[in-house]
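Pasting a structure here, questions to come.
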Amino acid sequence: MNIFNKTVMNVGEMASGAQLTVPVYSFVADKTDEKNNALNVYIQANMHGAEVQGNAVIFQLLELLKNINIKGDITLVPYANPVACNHKNGEYTLGRFDPITGVNWNRMYHFDESIIAPFAEKHMLSSDLKIADEFKKLMLNQIEQKLEHNIYGLTTGQKIAYQLQQLAHNADIVLDLHTGPISSKHLYCPEYAEQSAHFFDIPHTILIPNSFDGAMDEATFCPWWSLQHSFSHLGREFTMGKGIFNKESFTVELGSQEQIDLDTAHQDALGILSYLQQKGVISNTKFTPERMVRYACLLKDYKTLYSPMGGMVDYLAEFGVPLKKEQPLARILRMDNYGDGKPLHYIHLEQDVIPILHFASASVNQGTELYKVFRNFFVL
Amino acid sequence: MNIFNKTVMNVGEMASGAQLTVPVYSFVADKTDEKNNALNVYIQANMHGAEVQGNAVIFQLLELLKNINIKGDITLVPYANPVACNHKNGEYTLGRFDPITGVNWNRMYHFDESIIAPFAEKHMLSSDLKIADEFKKLMLNQIEQKLEHNIYGLTTGQKIAYQLQQLAHNADIVLDLHTGPISSKHLYCPEYAEQSAHFFDIPHTILIPNSFDGAMDEATFCPWWSLQHSFSHLGREFTMGKGIFNKESFTVELGSQEQIDLDTAHQDALGILSYLQQKGVISNTKFTPERMVRYACLLKDYKTLYSPMGGMVDYLAEFGVPLKKEQPLARILRMDNYGDGKPLHYIHLEQDVIPILHFASASVNQGTELYKVFRNFFVL
Amino acid sequence: MNIFNKTVMNVGEMASGAQLTVPVYSFVADKTDEKNNALNVYIQANMHGAEVQGNAVIFQLLELLKNINIKGDITLVPYANPVACNHKNGEYTLGRFDPITGVNWNRMYHFDESIIAPFAEKHMLSSDLKIADEFKKLMLNQIEQKLEHNIYGLTTGQKIAYQLQQLAHNADIVLDLHTGPISSKHLYCPEYAEQSAHFFDIPHTILIPNSFDGAMDEATFCPWWSLQHSFSHLGREFTMGKGIFNKESFTVELGSQEQIDLDTAHQDALGILSYLQQKGVISNTKFTPERMVRYACLLKDYKTLYSPMGGMVDYLAEFGVPLKKEQPLARILRMDNYGDGKPLHYIHLEQDVIPILHFASASVNQGTELYKVFRNFFVL
Amino acid sequence: MNIFNKTVMNVGEMASGAQLTVPVYSFVADKTDEKNNALNVYIQANMHGAEVQGNAVIFQLLELLKNINIKGDITLVPYANPVACNHKNGEYTLGRFDPITGVNWNRMYHFDESIIAPFAEKHMLSSDLKIADEFKKLMLNQIEQKLEHNIYGLTTGQKIAYQLQQLAHNADIVLDLHTGPISSKHLYCPEYAEQSAHFFDIPHTILIPNSFDGAMDEATFCPWWSLQHSFSHLGREFTMGKGIFNKESFTVELGSQEQIDLDTAHQDALGILSYLQQKGVISNTKFTPERMVRYACLLKDYKTLYSPMGGMVDYLAEFGVPLKKEQPLARILRMDNYGDGKPLHYIHLEQDVIPILHFASASVNQGTELYKVFRNFFVL
């Protein structure tokens, strides 16, 4: 039976002095066998406070991994952001941002693009392995500088994000477990890793380009992707997803926030194991992805629709099913207009879409996010 | 076709000077026929900000009542509390209390028990009709005093509650439409009106005694119930639910908060019409209550269970189905204990219960409300 | 040099499993000298999250008490409510109530009046000392029952309050350190202890009757006061403030919330020592109360004034200075009325008052608390 | 006496249907005199909810401007953001961002830099006046596109910001009235307009470069500054601050949030009139700037200092006074460490600074903003 080592990482301190800690579960694979160059894996959950289901998935992964043949290192971090995870706002958990500054907790990771070109120039003649080693060292060194030499310069979220990023930079595969508000399952996948989306049990994939906006997945694959571009520019060709560039990072959206369902989590864990087996991280198992139609769209076609009016929304469109432009997405009730105006407004779009998620509450202001949908979608 | 008259009631003013208004829909029945002494009805919704489904029910009631023979006055008030209804707190609507003071919006109605005994003494020899008239006048007069002669003494919630109470005191039947957090349908019903619970399409009833705690339903029936007691004490007997004491008031809990479902609202509206027909407010229709097992318990047996620990809850128990004491109510995940403690805790109770509602979020602190359940329940 | 012993009390658990603890500093006096029956003291701070200055006062008290001759036991508890103290809501600390339920953190202490009469009857013939001992035991036993035998019945706030109350019940003198929103210093003092108000350096005193509303001060003196009444009713006379009824409990309002000022805290600590010296808890020192006019009013005359309109308030009246009825208390700006209405509204009262505190923000809704003032005030 | 015309702009709609409106006060100058090419002015206040003092300044400006000789158009907008202005979160007003998304209300204005180069190329030979006219038209047209042709694409904040920006684009001088949390007065001033900083009664100036980050001031001057650069690049030279590029835009930070002080507002209004007179917008008056030492620093030297620990802060450093590196900025109380750790921590910096503002609450988490300070400051 595999034993996961548990350590505790100190990531924050509250006004009363209460320490906020994050448990880290890690399995170090036996790589004495020279042929074992299995990929290393980092999985975290609950960076956004209300998005708790990933913790249950990590629970089920740990239970399942006990009895599996593991070839790469695997690190799992539930409750990745205890500040957010403990911040109740009324009955609910404040989801997505630092309640003091408004900055999204998942937009605080570090990537300084200016390091890429000089590194590529310096290592034009280095061996692949040396490039991989030195680049990882460089990235880790940058994070350490930020954490250690910056006494009055670290925000609450950066202190957390940078420590998590240290763990992620040591892995080849990174899974950041999130959820939507009220949502179907979907996957953010870098464009070059499209083939891997077939191994998850997730029917909707958003293909994202090489552009860094502060999120964990981007912070993990953008540096390597940019490095590959930079080498290519200088005339040395590598392929993303191959050799030392065999790096993949996904944001896995597990469904709706504010919910724990351990049975569903077991299914989600099996889907992740199916992917890990395919990547050679675990072996001697028989996890196979479910058969399903997998829809995808490009990030630029993943559109947020904002409410054109204030009111109370009856969300009509089913997630994951293509919605014809004749069909209503939602209807908005405006009882104040009853009798002398229009009390029911139907929301229609001008093209077919696949609804992926909707807002968590029926009450919306003008300009509140209603739905996120796939436009120009295709079968993966 | 019946026409409902619409007026707008000014109930609040925000810091920018923005006025907060409440629409009031009223139908005044033709009572020129001397035999028509049909009861008058008052229905309101959305006193708690997140409990929006009642607005949809009022929409469907208005649609249905257009073509029904109405014999009593009917007044309907959606968006009864625009302060609460517009108060978003993150993605969600702050549900239950004034965000500045913490006082529950549904605990601000007025009833001064000290008026009862003197009134009964004074009217020992008055006719029934005179008693009914004078008592209504007295209650309305008290509210008016509070609203008009108290320039620095009215809180935000009192200004709203008292105006709604003026409308309610003019009715014989009062329905206050609420919802639970995540909840089955249930009904708060005064003990003397138990028979009426059979006419709603609601499978769970909480029978409440004559004790005033500030809520709309209590504020409507407690004065009459107390008056009847007082007369009885003096030797003049009336029966609650009969004659001038034919007063009924219910809090109707329509399901879960933060949701609008117009189709379900149509069903809920039919259930309310079934009750109104039974009370003679509408006629020539054929609304019949659904056949179902109706469970009930006394208010003292409607128990709130608080979480004995912090953690993330997988709510297991199904609403409305008796739960044997061997069966778990919920399980609480504590990933921080994985590996060196107990990561899963099952919640078991010491007696059979019927789960009615649970907390809106999976994340709970020690002492957060988990479930509300019927103990010592019985079939109505 | 006196050494204070430090222990840590576990009072809560958050969703991530993070423990919330409260530090307890205690000095146990040498009472081997039979003549030393000095009173015991309990002091706590920060029950309301934003009211932090009491922590600084406890810091200064601990520093000062190091070198003072202490005759009674003294227990000091800063950060008494870590749930509230750590709950940031935007930039500010959510002050006064459980953010999930709205219940005021300082209304959750326990006192069951029904125990009083039977206890008095049972102990009509007991010695004074036995009465004191047994009554304390009874109260502590009740709290223990609540804490230990009530697995699903404890709210977040009760778990904290009851543990603090255990410490308080072991003392004769209780000081609960609070602050107002934006506020002068003032003192809540039981009517029978009026003389003690002269020993604090606090210019405003509210005299409170024997009525329990859930607060720490009431939870501490009401049981004894009620017991004394009950004995008196049965014909055995004791005097509140004398002998075994030498119990005093105050809520000390130190000024404004959201502020720490260690220099002012030093002054406040000296004021408290002046009181403790007068009560014989410390000796051989020369703390004397400041000379000042001390105003007081009865609790029923301590009035909250609510804003008659929404708007932005320029708070004009100075704290602590009698305000003639001709003088404006505040003026409210309503720029939306500029040009076609009245943009400035002056608030005048109908009698002289002493303004004690005002709301923390300039922005108010209709019905928001504006000021709290003494009416019918007198010099103590 | 000058008469300001009042109109009302509809900027939002809440869940209940309540309309949120903004009053707009405008004076249209008589420009029939050909020599009158006075600059037009736009002034707004309260874009951030808690920053209310600007409304009082607009009140005083309107009062003062009644009797002044006005030569340019002047538009004044108090309560610019009624969503933020009405959003109470506990006692306080949620200050800086959309409570649903976390996006700063003052980061939603529009500027699409890609329009600049093509415009400059197209208008290389156009007259100055035509350039000015056409560029304004282009900017207004872009905003109109965003507002009108984007039914599901407008967030709550964009709907407000774009409407305000339409007013601002019609002016040459823009003043956006803000406040800090607890703060001295300071001014954000574009580098090219440094001389104008001398005419305000504000002792601290931050000089900002031509880089757009979504704020009102940037959205107003960046387009013109970029256009001037673009023309220069093509060989046609203009000077910022002269001729058709006589455009200035400032964010005026009036002091602390959550406060209205009409007397101080009068002084602030005089300072603004001093500037407007200097720019020729008003005449025949004798407003002169106060004599004071005016300190400045570059935006890159305006540093935010984050707390290295959780705790309760005694803010020591005085605003506006150079702080020697030996002097403490603040001290942080950690009562949980009393007795077995370090209860007081002094914050020292490694260079001299001028403290400008500090956080609004004494309670901070690790990583909460403590102070903002000028480094490398100089006398303007």
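To keep things simple, chains are lettered A, B, C and D as they appear, and every chain counts its residues starting from 1.
Methods note: a residue touches a chain if its C-beta (ideal position, glycine included) is under 8 Å from a C-beta of that chain, and two chains touch if they have at least 3 such contacts.
Given the structure is predicted, the values throughout are model-derived calculations rather than measurements.
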Chain located farthest away, centre of chain C as origin (C-alpha): A
Same or different contact residues where chain D meets its copy chain C, judged by the half mark: same
Cα-centroid distance, chain C relative to chain D, in whole angstrom: 43
Distance from the mean Cα position of chain D to that of chain A, given in whole angstrom: 36
Shared-contact residues (touching 2 or more other chains) in chain B: 14-18, 21, 79, 85-86, 88-91, 93, 100, 312, 335-336, 363, 365
Residue ranges of chain C touching chain A (in the complex, touch as defined): 14-21, 79, 82, 85-91, 93, 99-100
Contact footprint of chain C on chain B as seen in their complex: 12-18, 83, 96-98, 100-104, 151-159, 305-312, 334-337, 347, 349, 363-370
Sites on chain D touched by chain C in the complex: 4, 6, 21, 23, 25, 49-50, 52, 55-56, 58-59, 62, 78-79, 85-86, 88-95, 181, 258-262, 312-314, 331, 333, 335-336, 338-340, 343-344, 359-363, 365
